[in-house]
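Two complexes follow with chain A in common, the first pairing it with chain B and the second with chain C.
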Partner chain A sequence: MNKIWVPIVVVFFALLPCVAGDFYINLGSQMMIAAIFALSLNLLVGYGGLTSLGHASFLGLAAYISAWLTTRAGFGNGTAALLSIAGTTVGAAFFGMIALRASGLGFLMITLALSQVLWGLAYRWVSVTNGDNGMAGLVRPMPFGISIDSATSFYWFALIVATVAFIMITVFVSSSFGASLKGTRDQSRRMAALGYNVWVIRWITFIYAGFWGGIAGLLYVYYNKYIHPSSLSITSSAEGLLGVIAGGSGTLVGPIVGSVLVTFLKNYASSYIDRWNMLLGFVFMFIVMVMPDGIVPGVRQLAARWKEPRK
Partner chain B sequence: MPMQFWIIQSLNSLALGGLLFLLASGFSLIFGLMRIANLTHGAFFMLGAYFGATALRSFDWIDLWFAAIGSGIALAVIGGFLERFVLRKLGNNPQGQVLVTLGMSFIISDACLVIWGGDPIPIPTPHALQAPTILFGFAFPTYRLVLVGCAIAVAIALYLLLERTRLGAMIRAGVDDMQMTRAIGIPISRLFTIVFCLGAAIAGAGGVLGGPILSAYPGLDGDMLPLALIVVILGGVGSLVGAFIGSFLISITYTFGSALFPDLAYVILFLPMIIVIAFRPQGLFGRRAA
Partner chain C sequence: MTAQNDNYALEIVRLNKSFVGLPVTQDVSMTIRPGERRLLLGPNGAGKTTLFNQITGEILPNSGQIKLFGQDVTKLKPHQRAHLGLSRTYQIITLFPKDTLQHNVALGLLGLMPARWNIFRPMSQHIIVEARRVLGLVGLEQLADCPISEIAYGEKRRVEIAMALAQKPKVLLLDEPLAGLSTAERNTIKTLIADIPRETSLVMIEHDMDTALDLAETITLLHYGKVIIDGTRDAVIADERAREVYLGR
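Up next is the complex of A and B:
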């Protein structure tokens, strides 16, 4: 059943630019970026049982490093991309060392505080980040000499990266390491008693999630050709988290479904009203109170109920 | 650096510390008893400031103290509603509760933007406190001294409430062992509401009292909440003493950091937090890991 759907979905996404206009293609690119971001966050929230409210740190960090290296330090896009991903991964390793001193609500509070510190830094450290004005004048890279300046080519580029991210994250979760990660989520004490190093498992996951968060950040800065401290804000982290939870945390497809919906809602709503934050708040409350398991598990339950009478 | 600089900055940091304590003590109290990280707390603070500013603008006969008490009561009511009708429904789902308070904070801060607009609304310093106080030959802004006094008064009142009253004993029992407390017939559910209202009220009053220094502006919540979080992580959640000492540690770090290295104040802010978390994950005065 699942295997039939995969090619259909892939063909649909790949052929979208043939039928849709630029507005929808750009929307699709934003969805891809949000999906990578939510997939990486889901590693922590869904599979690690560690709700992070600071995942935008890695998105913003990668975007800022890349923007700074290309505009101020004169690096090429390729080198800057490598350096920014390396920098973000090191940053994630460092943040993970601090935040994973706690778990549960303590973890949530520390990740939130850390990301707010970065956000404040982006605002105040004007000599480096240009503060509230943001950094503009960025150019998209030319991977393998191919220009990705048009909406369609960027969309395909984002789609390829998102597909790679999805496969890599699926492999990570399905591996034996992924199984031990789920073990630390469900029974951390028992895992420790069995000889697993719970802290190291969580730390590696945190770093891996930070790495993919950084990839999402690179795409984000390439897409917008501009970076502003708001990319590091709690709203940005919360949008990612909403994508994960709305779609269904701890499922592979859930974060994609969720972030597609959140991106759509955000763009659709902001073309009518500019009260996105309020709407985000209401959607958050609605999802948590009415659909705490998310859409994908919800649909699965419905499907199971629908099948049952036939047996 | 002239002597005046150090003295004025010390006083500024004490005043900010007082404000942080008003915010962090409520947050810590709520977390300690209810195990809820109330991310709406910054929004409560901001809402309090806006209520106070509006009241002071609209009515001549209201002074700052009256506005602070009024804001506190209004926020207690709002907090009570939030606790009773939203958080209560998510009883055994701490993650859901945090996310709901986060959603609520987005709604409140956006609503404030709609109602009060994007420009800061100043809250005037009371006339009686506008003249500077001369101490040891230095001029101090009187209001900041009074603000520190207010924070200390609230700290003492909270301490007495928790340590010397029957209600405080019940709250402490709930913090230590909730199920046992419930089993011996203490109405935990009512305690939850009381503590949540109290925390919200202190934050709301704090917003008004902070007004003459900070004024009411959009984004005040986002500026204050991380400071409160860092205070609570540093001091240890659920600990009043931790909130008190953490507030002044953070405010001193922040004020001197901003004055001496304006670009990097935020990084300096997080150094004490890293050091404490590295050696005592539960915070300076926390009893157990959060």
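Up next is the complex of A and C:
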């Protein structure tokens, strides 16, 4: 049953630029970026049982490093991209060492605090980050000499990166390591007794999540050609978390569905309703009340109930 | 003497542990030979499970030493001890409820394999075949694809043992493997435990005397965290102090 709609979704996303205008194509690009971000966060939240409220750290870190390297240090986009992803991954390794001293609520608070530190830096370290004015005047890269300046070409670029991210993250959670990770989520004590180094498993996952969060950040800064401290804010982290939970944490498709919904409400509904945040709140409340596990598990349960004859 | 020490599978030397001033393990010393079947007895609160938790490393002792095959493991983490051949089961069932029986046992196998770090490949067919074989040993092969949450309590107890057996441990700690079981189920588990190969040393906590005494060769009796008697099964049963602890004066 799952297999039927996979090609439909693929065809839909692939053909979107042929039928839609620039507004919707750009909306699609933003959805891809949000989806990669939510997918990476879901590794921690859904598969590791580690709820992070500071995942925007990695999005912002990658974006700022890339912006700084290209505008201030005179690096090309390619080198800057590699350095910013490397830097973000190292940053994730460092943050992970601090945050994974705790789990549960403690972990959530430390990740939040760490991201607030970065947010504060971006705001106050004006000589480097240009503070509240943000860093503008960025140009998009030319991967393999192909321009991605138009809405459509950027959309294709984002779609390819998102597809690679989805495949890599799917492989990750389906791997032996993924099985180990889910085990530490469900019974960490038992896993330790079985010979698993629970801390290192969580740390590697944290780094991997940071890596893909950084990829999302790079796309984000390419898309906007601008970066502002608000991308490091708690709102930015919370939107990602909202996408994961609304779509269904611990599922592969859930974070995509959730972040597509959040991006849609944020960009589309906000042009019709001033208080779109309130609308987002209502939609989220509705999801949590009707489908407490998120949209994807909720729909699956509905489908299962539909199939089974009632007793 | 030193040479002989190295022959012990498990050696505990003057172990002490207190929880906020309450001593739960007091000067406990114990030696288990390879292949030995040891029963750990004692009333509730005697510190039996706490002793297990110190052997596996989930709790660190305040003082004393724990050795596995002559190697000092007192400071090692639980997962490091698992790799030295130590395995355990839990009094309160600690399985992965959403996963299948096969997956549960496979996790036991994977835990000791380098493949557990592989982020690109799923568990190999070899692990799955082996997991099903081990489930066959405890008579649950036909339920291999069922989630844990759907099987009966007695069957979960058997999965607990299967997970430990899958690791082919050199020292296996069984924490009340018969707790909460019916007579028929108890006999099944008893046979299972009796069939554990002699390469594995067993230390078992169990209150069901009929079954436990049949399995045990040696007995250690704990009371208020202290070793009261330590000896062969018959010697301990005949001892006056054992009766006092269990029946009162």
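Just so we're on the same page, the second predicted complex is superposed on the first by the 290 of 311 C-alpha atoms of A that agree within 3 Å, B and C clash if a C-alpha of one lies under 4 Å from a C-alpha of the other, contacts with A are read in each partner's own complex, and residues count from 1 in each chain.
Throughout what follows, contacts are C-beta pairs under 8 Å (C-beta built on N, C-alpha and C of every residue); 3 or more make two chains touch, one makes a residue touch a chain.
Bear in mind the structure is a predicted one, so any value in this text is a computation, not a measurement.
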| item | value |
| --- | --- |
| Chain B versus chain C as contact partner of A:V260, first or second or both or neither | neither |
| Contacts of A:S127 with chain B and chain C, given as first, second, both or neither | first |
| Touched partner set for A:L108, first chain B, second chain C, both or neither | first |
| Which superposed partner A:A92 touches (first chain B, second chain C, both, neither) | neither |
| Chain B versus chain C as contact partner of A:A62, first or second or both or neither | neither |
| Chain B versus chain C as contact partner of A:L241, first or second or both or neither | first |
| Comparing the two partners chain B and chain C, which touches a greater set of residues in chain A | B |
| Shared chain A contacts, counted only where both chain B and chain C touch the same residue | none |
| Contact footprint of chain A on chain C as seen in their complex | 56, 58, 77-79, 82-83, 87-88, 90, 94-99, 103, 106-108, 110-112, 115-124, 163, 167 |
| Touch list for chain A against partner chain B, complex | 51, 53, 98, 101-102, 104-106, 108-110, 112-114, 116-118, 120-121, 124-128, 233-235, 238, 241, 245, 275, 277-278, 280-285, 288-289, 292 |
| Residue numbers on chain A that touch chain C, as the complex places them | 171-172, 174-180, 183, 186-187, 189-198, 204, 208 |
| Contact set on chain B toward chain A in their complex | 31, 35, 37, 39, 86, 89-90, 93-96, 98-100, 102-107, 109-111, 114, 222, 225-226, 229-230, 232-233, 237, 262-267, 269-270, 273-274, 277-278, 281, 289-290 |
